[in-house]
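See below for the structure under consideration.
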Amino acid sequence: MMQNSQQQAYDRGITIFSPDGRLYQVEYAREAVKRGTAAVGVRTPEGVVLAADGRLRSSLQVAESVEKIHKADEHLGIATAGHAADARQLVDLSRRRAQVERLRYGEAVDVETLTKAITDNIQEFTQTGGARPFGCALLIGGVDEDGSPRLFETDPSGTPYEWKAVAVGGNQREAQDELEANYPEVETVDDGLQLAFDALAATADGGLTPEGMSAATIPVETGSFETLERSEIADHLDENGLLDEE
Amino acid sequence: MMQNSQQQAYDRGITIFSPDGRLYQVEYAREAVKRGTAAVGVRTPEGVVLAADGRLRSSLQVAESVEKIHKADEHLGIATAGHAADARQLVDLSRRRAQVERLRYGEAVDVETLTKAITDNIQEFTQTGGARPFGCALLIGGVDEDGSPRLFETDPSGTPYEWKAVAVGGNQREAQDELEANYPEVETVDDGLQLAFDALAATADGGLTPEGMSAATIPVETGSFETLERSEIADHLDENGLLDEE
Amino acid sequence: MMQNSQQQAYDRGITIFSPDGRLYQVEYAREAVKRGTAAVGVRTPEGVVLAADGRLRSSLQVAESVEKIHKADEHLGIATAGHAADARQLVDLSRRRAQVERLRYGEAVDVETLTKAITDNIQEFTQTGGARPFGCALLIGGVDEDGSPRLFETDPSGTPYEWKAVAVGGNQREAQDELEANYPEVETVDDGLQLAFDALAATADGGLTPEGMSAATIPVETGSFETLERSEIADHLDENGLLDEE
Amino acid sequence: MMQNSQQQAYDRGITIFSPDGRLYQVEYAREAVKRGTAAVGVRTPEGVVLAADGRLRSSLQVAESVEKIHKADEHLGIATAGHAADARQLVDLSRRRAQVERLRYGEAVDVETLTKAITDNIQEFTQTGGARPFGCALLIGGVDEDGSPRLFETDPSGTPYEWKAVAVGGNQREAQDELEANYPEVETVDDGLQLAFDALAATADGGLTPEGMSAATIPVETGSFETLERSEIADHLDENGLLDEE
Amino acid sequence: MMQNSQQQAYDRGITIFSPDGRLYQVEYAREAVKRGTAAVGVRTPEGVVLAADGRLRSSLQVAESVEKIHKADEHLGIATAGHAADARQLVDLSRRRAQVERLRYGEAVDVETLTKAITDNIQEFTQTGGARPFGCALLIGGVDEDGSPRLFETDPSGTPYEWKAVAVGGNQREAQDELEANYPEVETVDDGLQLAFDALAATADGGLTPEGMSAATIPVETGSFETLERSEIADHLDENGLLDEE
Amino acid sequence: MMQNSQQQAYDRGITIFSPDGRLYQVEYAREAVKRGTAAVGVRTPEGVVLAADGRLRSSLQVAESVEKIHKADEHLGIATAGHAADARQLVDLSRRRAQVERLRYGEAVDVETLTKAITDNIQEFTQTGGARPFGCALLIGGVDEDGSPRLFETDPSGTPYEWKAVAVGGNQREAQDELEANYPEVETVDDGLQLAFDALAATADGGLTPEGMSAATIPVETGSFETLERSEIADHLDENGLLDEE
Amino acid sequence: MMQNSQQQAYDRGITIFSPDGRLYQVEYAREAVKRGTAAVGVRTPEGVVLAADGRLRSSLQVAESVEKIHKADEHLGIATAGHAADARQLVDLSRRRAQVERLRYGEAVDVETLTKAITDNIQEFTQTGGARPFGCALLIGGVDEDGSPRLFETDPSGTPYEWKAVAVGGNQREAQDELEANYPEVETVDDGLQLAFDALAATADGGLTPEGMSAATIPVETGSFETLERSEIADHLDENGLLDEE
């Protein structure tokens, strides 16, 4: 990335505006998201699909520990991209928030309500001094009590976006192109999974490897977060010719 | 934007005065407003109209999630321009403030009272250290208990302005020119809507697309915030030849 | 304004002394006052007069929203110049302070007492870190319980000054010259109004326009703050040939 | 004033020592004292005299509002020089402190005790961060309960000095020379007043003008602070040929 | 390590993002880990093995005091690498946390739960100002109540990783290569110990010396942390030809 | 004093270590001590002697107000050198501390105990941010309850030193040489006084002047702090040919 | 010491990591330790020996006041090296901590437990902002309740080390070499004392002088801290030909 002296003046210390109205620290945090592996979310009429690629630092690493998909509540899953330690804080915050909602109101938190609680927290770290923004993006997917599948993205500025299908992280553009091209055909959760894997494959040179990958669904029917076994993922990749041949 | 070394000296850290008495961080926050899409408000004898353009990052984005118009209370709507995450904080603050007023005094908050509470908060972020200004402008419109339609703008310095019709955000000048030219003919809420769309069209090259756009009215008769369906917006645009032909 | 490197060293971060004993941030805040439109106060034996010019950003702006004269209490008016958002904070503080005085002592606050409470607050922002000075000047006029008309100015350093007649804001020098030349003839409130308008006219090229202007009187007889209708202002200007012919 | 790069390194942010053991911010605050008009104090066997020159910004300014002499308690007066807003804070602190002493111990505070309370406060602002020193000097004069006339100076470092006769503010050296030359002849309060005016005259080119000047005495006999009427001051100046002939 | 001016801009004061989305202070803390001696963890079906090399500053240093392996709870051991004083704080935190868990829930803390509590703490030091990251890595090994052997790594960003076998600290790459090559043959705790020593030997030129080394096991059978005597370590090294011949 | 760029890097903001392990702010505070006039303490078998030189800014200054010797408690005296306002804070702290000790334990505080309380306070200002070190040195002399005469020095680093005879302040080296040369002959308090004056004379060109000087003794016999009258000081100086002949 | 511009970037303000993972402020604090005189500790089977050299600023300084060995509890001694004012704070902290332990648990604190409490405190000053590290090293020696002699060192990073024999401070390397060469022969406390003096002699050119030196033992038999009389030290030095012949 190019760096000129004007930019330097606005990206230090606390997050402040540049003369053209940009917040460089927030934009750099977005770069942190791009440094990570990709995550994809697909909303289908039958449920929400989350899938993410992970990077194993060694063949001895336990694959689960680099998985990027987390259960936040019975009906809620979160896929993450970017600075992993930051993402974990927000996932934990999501879990605590969902618990509090259940305790206080006796019912499951809306996907949108939860997302906005998280983005409120993210925004605060971009405006008040003494801290840096969160260097991660979350895809929050779930099924509301009324049976609606919902899929949201949180970005480092603290803005929530709702999506039919979305990719975040490394090579996001390639994955999003794939999603845009083929989303119209998606009808079932299985269609969604296949599209998600196709999109992830578009971010990886030479195919995917099941290790480090993870995927989950929240079907409308059950309203329950379910992770795929690694063997299921491998089968999916194999069926679709997405396996790394190497 | 040009940048010289004198300017650099006054736009870092906390918001301080430049030798010619300017607050650069506030002016840069105004630039952040201009980076966003436009929002327009029109006050008519029969009610207040709000309309705003949004930018979809992808055809898969749910249009509602980039909408720039929010209901703050039964009788109160807010259109926003600029840094979206900042704007959301102020919209939330408006909602909480309106609720508190109802709880405490048993009646709806005045549009002006609410506006000033918000600008007080904005001003504080421009004077005390450890934070940056809010990079957004709000158009707060509503109908007071006595039936008066009111329309206010909050700017990043924390100054409230009252308007008959006003545009904020990208290409604001072009929209405001449109408003000034044709406001005198406005009598009904429908006139107001048409003028608002014309003004938004003036900010967009090649016409508008209904996706990402939003509009709402608070008619004096009902005193209730009502959003337009996307199809209604499309019809309006079509009738007036404002649709993006592309 | 010229700017040399020595100056730069003393105008950053908190307000500190320069080698020649100056507080540049306070002096720059004074520049912020000069950037605004002018305000004038005249003390006559029969009461105090306040008048101020405002700047409309568009013909669609509601003129009242840029008015620079505010009622602070039954017997107290404030005209402001400079950074509008800062001025609003101090006007609000004045109102709260006047209310507290009434509640606590059961009587109206002295004009001088109120002024000093405000300047105490202003001074604090120039000495302790983490904040910038207020970029505005206030003219506080009123009639004390003993019937004395009083007129004070607060400046950005937090010093209170008492005046027979005073101008602050843009082109202050021209207005003050007008006041000095013709104050001796002032006897009635109406004389005061005429002098005030003459002084404001001296700050404006090509005459004044009633829109955006405001004026108020606190006559000794009633001890009550009264604003002039815009039509009254127009009449005054017209009678005295001060109307912008353009 | 000359300014070299070594100096620059030690006069920013908080008050710290320079390599040669100086506190530049305190020294610059002393320059702020010299920027103001002069104040003089004279201790005579029969009482203490305070006199000060003020600067009117316009013939319409109420002279009392730039007076530099304040009553702090029945038996205590304070003359100030330097940054006026800072001085006001210390005068107010003196008054509160004197009141507290009366309430707590049922008697008038010693001139020395009061002075040291003020200098403690001044010193604190030179050692702990987040604030700047006070840019003013006070002359605190009074008569203790035992009938002793006392005269103290507080300087921006927070050191109290006791004097027989002292000048602070602009052209202090010329005034002090006058005091040193003629103090030995002073016996009565009136002698003291004459010496004080002579010393002030030494700081002003072309004589003094009664407007803006102020003077007060605390005679041993009464132990009460008494200000001179402006006409009395004019008479004194006239008798002694000190009036500005201009 | 090379250092260019762009980098300099992002590694001062608080931890902030660089234009390419990196947190330099965290990366430099990782360098601090590499400056230390190596530590190795191996998870076998029969239990977890921890081994670490230490550096004696003198032959008179008591070897135990540079040992890098600590008992955190009955069933929990921690090997450390990097800045020793930082590591001690985290080991202490682990002990307190394990105790609290026992007191509160009456049972031993899960290895994963403990690890995440520690990484939460580490992450916080990378995001909020006024502190630097921890310059150390921990290997946390143990046997859960259900008999599962678990092995985790904490890194300076605050991310937890789970491993079958892992090396941290100086020459980590060489040790990890050794682990990857020979892990598949590991079945017993004793196999694990041998592999751990082989991996450590790969980080040391010319063989290992028992002084300063330490090793511990948490066998599934007992679920108890057990340290090896220095003589046992020496025997192991000798048997495997890993002794420093020097 | 020479100043190079390496030094500059370590003497700003808070007190930090330079690459060679020095604390420049503390060393500069020591320079502040040397900028003041000298103070001398001499411990004799019969009691402790304190003497100090002061600098009158004018012949009209009351000599007592620049005296550098203060009574801290019945049996305790303090001579000061360096930044006067700082020294006053520490003298006040000493008095409060001695009072507290009497109230709490019903007996006089040990000279050593008091000294260490003061140096604890001084040290804290050199280690934690947001403040600068104290720019003064104290000589604390007294007689303990067991009749032992004690003499301590506090320096700007916060280290206490005990002395038989010691000089601090301007030209300290010359005074200390005088003390070292002639201390062995000192037996009585009067011997001590003479030596102290001789040492002070060594710091002054052309002899001493009684004005501004001060001296005190705490004889073992009485255990009471006693100041010398200025006439006694003059007699001493005269007898010993130390008077400024000028 | 050489200083390059890369280093400069990492040694300001708070303690942060350099690109190669070093904490310069901690390393500079270690330089502060080397600027002081040496201290030596020797653990023998029969007890612990502490010895230290001090530097007298004048022949009139009371030698005890520069002694570097302090009793922390009945069974605990501490020798210090480096910035004396910092060391005093840690010695005081040790005493308070030992007292608290006795009060709370009714028994003497372990040497190791005490050491770790001190190093926890030291570490905190290296990680959280607003303070600098401690510029001193302590040797903490004592005999535990079970009769074990223990000897620890605390360094400025906050790491505790246990030693058989150790030297800290100026010319530490020379003293440590002496210790390593001759420690094997040490059996009795007296052997320990002789070795300690030999090691100190290795740090001093031309022999030692008893003034300013100090030594203490904590024999296993008594478990009590005992200081050597200066005459005993002189005898020891004399017997071993270590006296400064000068």
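Here are some notes:
To keep things simple, chains are lettered A, B, C, D, E, F and G as they appear, and every chain counts its residues starting from 1.
FYI, contacts are C-beta pairs under 8 Å (C-beta built on N, C-alpha and C of every residue); 3 or more make two chains touch, one makes a residue touch a chain.
This is a predicted model, so every value here is computed, not measured.
Shared contacts of chain C and chain G, meaning chains that touch the two of them, come down to nothing at all.
Counted as hops between touching chains, the shortest connection from chain B to chain E is 2.
Distance between chain centres (mean CA atoms), chain A to chain G: 55 Å.
The distance from the centre of chain C to the centre of chain D, with each centre set as the mean of the Cα atoms, comes to 30 Å. Put simply, the C-alpha centre of chain A and that of chain F have 68 angstrom between them.
Shown for chain E are the residues in touch with two or more other chains, namely 12-13, 129-130. Viewed as a network of touching protein chains, the structure reduces to one closed ring of chains, two contacts apiece. Beginning with chain D and continuing to chain F, the ring of touching chains reads D, F, G, E, A, B, C.
On chain F, the positions that touch chain D within their shared complex are 1, 3, 7-8, 11-13, 24-25, 28-35, 57-62, 64-66, 82-86, 88-89, 92, 125, 129-135.
Against chain B, in their complex, chain A makes its touches with residues 6, 9-10, 12-23, 116, 119-120, 122-123, 126-130, 152, 157-166, 176, 179-180, 183.
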